[in-house]
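Alright, structures below, take your time with them.
Next come two complexes, and both contain chain A; in the first it sits with chain B, in the second with chain C.
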Partner chain A sequence: MADSGTPEPKSRSWRRRVQESAVYRSVVRTPPLDSPRGRAQRAFGNVFLHVYPVRVPRALLRFRSTWRLGFISTVLYAILLITGVYLMFFYTPAVTMAYGDMQTLRSQVGFGQLIRNVHRWGAHLMVLAVVFHLVRVFVDGAYKAPRQFNWVIGVGLMVVTLGYSFTGYLLPWDQLAYWAVTVGSDLVQYVPGVGGWMRNFLLGGGTIGQAALLRFYVIHVAVLTAAFFLLMAIHLWRLRKDGLAVGDPLEAHDVTERAVEALPPITPETVWLANGKRVLGVVETEDGPGHVREPENEVFAWPHLLVRHQVVALAVCALVLALGVAFEAPLRELANPNLTPEPAKAPWYFVGLQELLAHFDPLIAGVLGPGVLVAALVALPYIDRNPSRRPEHRRIANVVFWTLFIALAVLTVIGALFRGPGWGFVLPWEHLYFEP
Partner chain B sequence: MTGPVRSAHDDTQQPLSRREVLEAGWKVGSGLLLLAAGWTSFEALKPLAQVGAGGTLSLQPPDAYPEGSATFVREGRLFVTRAKGELFAVAQKCPHLGCAVPFCAASGRFECPCHGSMYNVAGEWIGGPAPRGMDKFPLQIVEGRVVVNTAVLEQGSPIGTRKYDLPARGGHCAPESEG
Partner chain C sequence: MIDHAAESGGDFGGTVQGTPAPCRGGCPVGTDAAAYVALLAEGRVADAYDVARQHNPFASVCGRVCSAPCERACRRGVVDSPISIRALKRVLCDAHGAEQGDASRWMRAVGSIPPASGSSIGVIGSGPAGLAAAHDLRLAGHAVTVYESMDAAGGMMRYGIPAFRLVRDVLDAEIAAIASMGVDVQLRCAIGRDVSFAQLLERHAAVLLTVGCQQGRQLRAPGAELPGVMRAVDFLRKENVRFDEAAGEATIGDGAVVIIGGGSVAFDAARSAWRTQSMSAYDARTALDAARSARRASGNSVTLVAPEATSKLSVPPEELHEATTEGVSVRGGFGVVRILGDACVTGVEVAPVLSLFDADGRFNPQLDLDTRTVLACNTVVLAIGQQSDTDFLADTPSISRTPWGGVVVDKALRTTDPRVWAAGDVASGPRDLIDAIAAGQRAAASMIASLSGEGTVRPRPAPAVHTAPPMPRGTRFWSGYDDIRRVELPVLQPERRDAVAEVEHALHNAEGQIEAARCLRCDEHMQFSPRRCIACALCVDVCPQSSLSLIPTTGGVLAGGTLALLFDDDTCIRCGLCVHRCPTDALHFTLSPAQSRPVLPERGAIAAWSAPLTPNIDG
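And then the complex of A and B:
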């Protein structure tokens, strides 16, 4: 006891003893981190870390390489999943109960309102993050070969995100929810031929009632979640298989061709390596300590990228929590099918569509417009076969994309901020009719 | 033993080899399974027949509805209105995007708060983005009372077929939109 010295070495030895125990080592297989091989094993020996490649392009470490938008979307999704499960404990998808549950959540459940606020602001931020992720991938030309299909999956994930937002919007069963969804679902009616039938199928009847609430709830918590996980699995898998566009030089086609040329001749034994150099990279790290080729432009994902992701994740959590503390999620009066509030606005990400509806025929503005937009996004990598990713070689694609994007943004801002009762023009600094 | 093994291609006697039958079989089977899944899901999820809707409503005597007025009937979500002596049962739902259209007593018109569609007291289209006039229910006078059959929803009259010329009585309730 007398010669044990300061308590620090003692506690360290205690920890050491735990770490060296057979039980601990059966749970956590910590490789020695003093060699590149050990650091590589850290990433692919761990189920949570194996989503990451062992090595990533050094350029990826710059925040502005991707703005971390895909990762931010994923963090927001995790926040929404966790807060969503909390909310499910207090919510009954019945028209007689739902609104009362919201009031109970606010007045009686500990931190109930905060959880709801975080869920709401997180959802809005996720729509923004996903849209900006799409913009970033477009700007970088990262949808070009060989990543065309992953762009399509990404568009699918964006549609699922919007579906989440739209179905979630109805659940509080207040005036805001009821009328925003009334306006949104009636758009479907204008699909030629089958529109009315499709709308009734979605709502489970002719009007928004119990069947619609239950359907939206099940779609929100189960159907879209299954779809999201499936698409996300493909999205991340393809991201790993295709490699990060950030690490490729600007001419996508050159790189694939050169990479294939650089491979050893294809024999039945080496066919599985033909996917690209990254597979070879993993194999090389298995050669043994001290023999790893460490190219100038690649770094280990663990710890370099992981530490950056950690910081971004914490910042996102802090932001959403701060928003949740500062701003209450709106809850208006109980849904009243006989009284439309003035103005009745769709959720903000659809308000651009609503603005368009005030000017054009509903078939054009409400159905063909968004339909063509999504179809164009899906088809983009197959229409735009220009292999160059340099902005100066992509004038037409850039002009078309930014024209549509700015038009949609302007319509959304006008619809969200400059419209009042009867969809009349108001100045937001005189009276703001906007509830997110 | 029946001689050398014959490949599927040079076998002209049998139209299909066992391998081909099995290969086609699992594809057809999977297809049928998907079809069955689609059909059962559709049958399960298609909207149930409306319960409670579609009855006939027996309302007030016709004299209770004066010229140019619109009386809301909550049970049927409709207005009973009178224009140039004629009675109408006008559905409250805006044919544009389903908002509940209130009657503006000041102007004597239906003015939709959502996108500014406007209709006269007979439910005919006056302005705004709606594709037609307001939908209506058949209305009869039975034994001195107004009876509305809410089972039958008649589509509103198309734009440009206005029969009733009813100028606005006064100021509008909702500001006019340019739409």
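And then the complex of A and C:
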């Protein structure tokens, strides 16, 4: 047929040509489709979007479903990574140079002080975000089956976060850094038998000196980073595999609810169901629930969740930038082992333990206390086998958790704000002995 | 690689086996639209034509005027709008149909014509039902004589459907092709006038009545008998004859015309009336702007009054659009109170419709008589339904008739006389063209079975039929099939329309191919192996249409248990993402096997299903 020429578009844009080229297709494996399939395919075929499931429960779109604490922690980590790399350009982990580098950073490096401020406040915020993330997960009972092990990984990530913060504390090599780390590392020697050896191993000698600075530096920038990425990969991978607890349809089928199911059980012989779907088959799951997924209550992660995450990420960036502009990170005099400041306080997240030392034997306060606490957190999902996530079914767990949490918080507040020279009681409005 | 085909018996299951694609299920003659659309998408136009032709001797006619129940059933309509299946069929027919002048090409899909060694069968009426039956009867080896009272064969296809909708060359070609099979068509032979029904029964072993519904219904309102009131079927018949022969007096003169009715006949009548008034009788081909201006000056107008609201008319939206484009004003939601006039019609009094159906669900419009309006006019055309004229059966008491003139038939379309069958509108009441073709085929199958005395249908010669190509899997991810909008059918510019120029144009081959690529491939059925499934729900996650769910079979599943994978055939777009993602190969699609027509009794194997299955994932 002569007249049935191909109705080719008049002029194919260069963009379209690029998109149709073999090279482009080998890189980007999905066509730019404006259809549900296009969106699903894009999330499915893009490694960056692949961190997300294609669809997420609609309930997750509410900010208060998770308070985005895990995501905020991740964003803070990214900020710390970027600012940390910048700081590494100007920092030498040597006792003779470290403090001078800090001063150079302050006075001569472009945005040096701002970057250092952002790194400092971001680190404190990340400790807070991680702790609140843990609290949120506990409150929602999201550590229960099948997510028990991911909770353990999460506790590991929290320990890594504290480790980051603690090792980073020493690096400015000023009085604050020196004595806070001295107090913190002194706790280690109370471990029965191996305490002294452990402290030596950590510090590379009996006292905090060049060896300790280098070790802390290497642990801070390399060892913990490797550990963090490994644990984070597992944490996210399991999150993707197990699905989110928020909006989990299992909740609707909670066994403890014992709701009388009016409908007969579904069998392969049940062909059509009320919602227009038919039964393709019935799958036996031997252990664990498998995945219950009801897409009727789900939305596409891209763009719905992604947009929300972008907003949160921008807000976090704005917050740390504002803090960095408004508040200077402290830098005291050069570290002096011969001049002990009064009081010498541990970093604020360990100051609760320091306060405990004032009341109990060091073995109990410095070793058993934190040891049991971490062990209890790790063991929590295996001790608490109550499958229900509803608060009214978990009174005991809640009472225990909140008692410990509030106790630790009170000790931290007293240690940080109400203690002065000689660890004596001082009202913070009279004199505040606290530097973050 | 997993041989899914070998496993489909045991490991895989859960399909509604053998269910045809909705388009095929929607087609009264069971045309495998899914297959020919898929073939066209691959550019296999000739093969696609064979599939379209196989179940329908009037493929080319249907490509232009079918009511396309396939499109109403098309699942693509759930996503955006259905595939233009009818227009695609026209693409195939324009390339290979009978109108191309090669009757043997037309025959290819149904095989060779056997010698007329069987019984002699008489068919009364050469409409779609009669000719479709003649086609099938002749293929089964019977001698067939068709009796037609008019000057040409085709029935309502010729005397009901206007030429601007169905080009006569196409109709003539397909009728000629049927005649070339050895079907004897006796024109100008009216039963009861030229030959009696009793004589027919002597001549033939069996007789098939397919006389249709040729009589317009009368309006039950005052003034319906006035001069100037005519019925749409009569009006269309006269106009179609006049335009076909390019001779004769115009049926309606200048002035305002009111068409009463909201169906396709009403629209045909309205658009024909517009053409009659716009063009001089002997110069049907010169209708240009001049004619339009003249028409406005002379006070001509065509108004269509329908009881249904304009948005709820049964005709497709394109039809309404074209009619209004041409200048027909459509007033939906009005019923006729009475027709005004003394010696002849001067107007129609109408009132808004309050409700269309009564408490029993019957069509019985209630009018709001307080707000009546008068539409001044000098011609009224009634298109409010048709009925059959079977007075020639008055002397044949063995055949029971219905009060509306139709013939009583049983399930096998046999009348109360064991040697007489009836099909089409005369048996079913007014229906669509494709229903008439299907009825003719059913009657033919029933007659063949009865005449052979076997109770089964003699198998046809194995036709050259093609199955749909399997869904292209990997490449489907790159194709934008779900993102293509429905093609808009090209139409003749309104100012260039005349009495017989075809309004709707054909798609180009390439356009047709793009439109065909929109097909979701509902002939591909989801297969699932519960044994392989590990309940990871990744398929549910990736499904862009929310077509899958994984739910517990009972209330509690925390301690292990069973889960049911649910699937919604209606929303699935067969993108194959679930198949691609499944880590254990528990899901895949298989083509539904090619089958005989669902409407017929067993018709013999049409073709062995041998479509090769390509496994979804390599390795």
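In this text, the second predicted complex is superposed on the first by the 357 of 436 C-alpha atoms of A that agree within 3 Å, B and C clash if a C-alpha of one lies under 4 Å from a C-alpha of the other, contacts with A are read in each partner's own complex, and residues count from 1 in each chain.
Operating definition for what follows: a residue touches a chain if its C-beta (ideal position, glycine included) is under 8 Å from a C-beta of that chain, and two chains touch if they have at least 3 such contacts.
Since the structure is predicted, the reported quantities are computational estimates derived from the model, not experimental observations.
Q: Between chain B and chain C, whom does A:Ala145 touch in the aligned arrangement: first, second, both, or neither?
A: So A:Ala145 only meets chain C here.
Q: According to the stated criteria, A:Pro421 is in contact with first (chain B), second (chain C), both, or neither; which is it?
A: The answer is first: A:Pro421 touches chain B but not chain C.
Q: If you stack the two complexes on chain A, which partner ends up touching A:Gly110: first (chain B), second (chain C), both, or neither?
A: neither
Q: Which chain makes contact with more of the residues of chain A, chain B or else chain C?
A: The partner with more contacted residues on chain A is C.
Q: Should A:Phe201 be classified as contacting the first partner (chain B), the second (chain C), both, or neither?
A: In the superposition, A:Phe201 contacts chain B only.
Q: Look at A:Leu187 in the shared chain and tell me whether it touches chain B only, chain C only, both, or neither; answer first, second, both or neither.
A: In the superposed model, A:Leu187 contacts chain B only, not chain C.
Q: Is A:Ala344 touching anything from chain B or chain C once the two structures are fitted on A? First, second, both or neither.
A: In the superposition, A:Ala344 touches chain B alone.
Q: Which residues form the common part of the chain A surface touched by chain B and by chain C?
A: Common to the two interfaces on chain A: nothing.
Q: Quick check on the complex: what are the chain C residues that touch chain A?
A: Result: residues 13-14, 16, 94-95, 477-480, 482-483, 508-511, 514, 526, 528-530, 533-537, 540-571, 573, 575, 577, 581 of chain C touch chain A.
Q: Provide the residue numbers of chain B that touch chain A in the complex, in ascending order.
A: Those in contact with chain A are residues 45-48, 50, 53, 72, 74, 77, 92, 96-102, 111-116, 129, 131, 172-179.
Q: Taking the touch rule as given, give the residues of chain A at its contact with chain B in the complex, in rising order.
A: These residues of chain A touch chain B: 179, 182-183, 185-187, 200-201, 203-206, 211, 337-344, 354, 357-362, 420-425.
Q: Give every residue of chain A touching chain C within the complex, in rising order.
A: These residues of chain A touch chain C: 1, 3-7, 25, 29-31, 33-41, 44, 53-55, 145, 241, 243, 249-250, 253-255, 257-259, 261, 265-268, 270-271, 273, 275-296, 298, 387.
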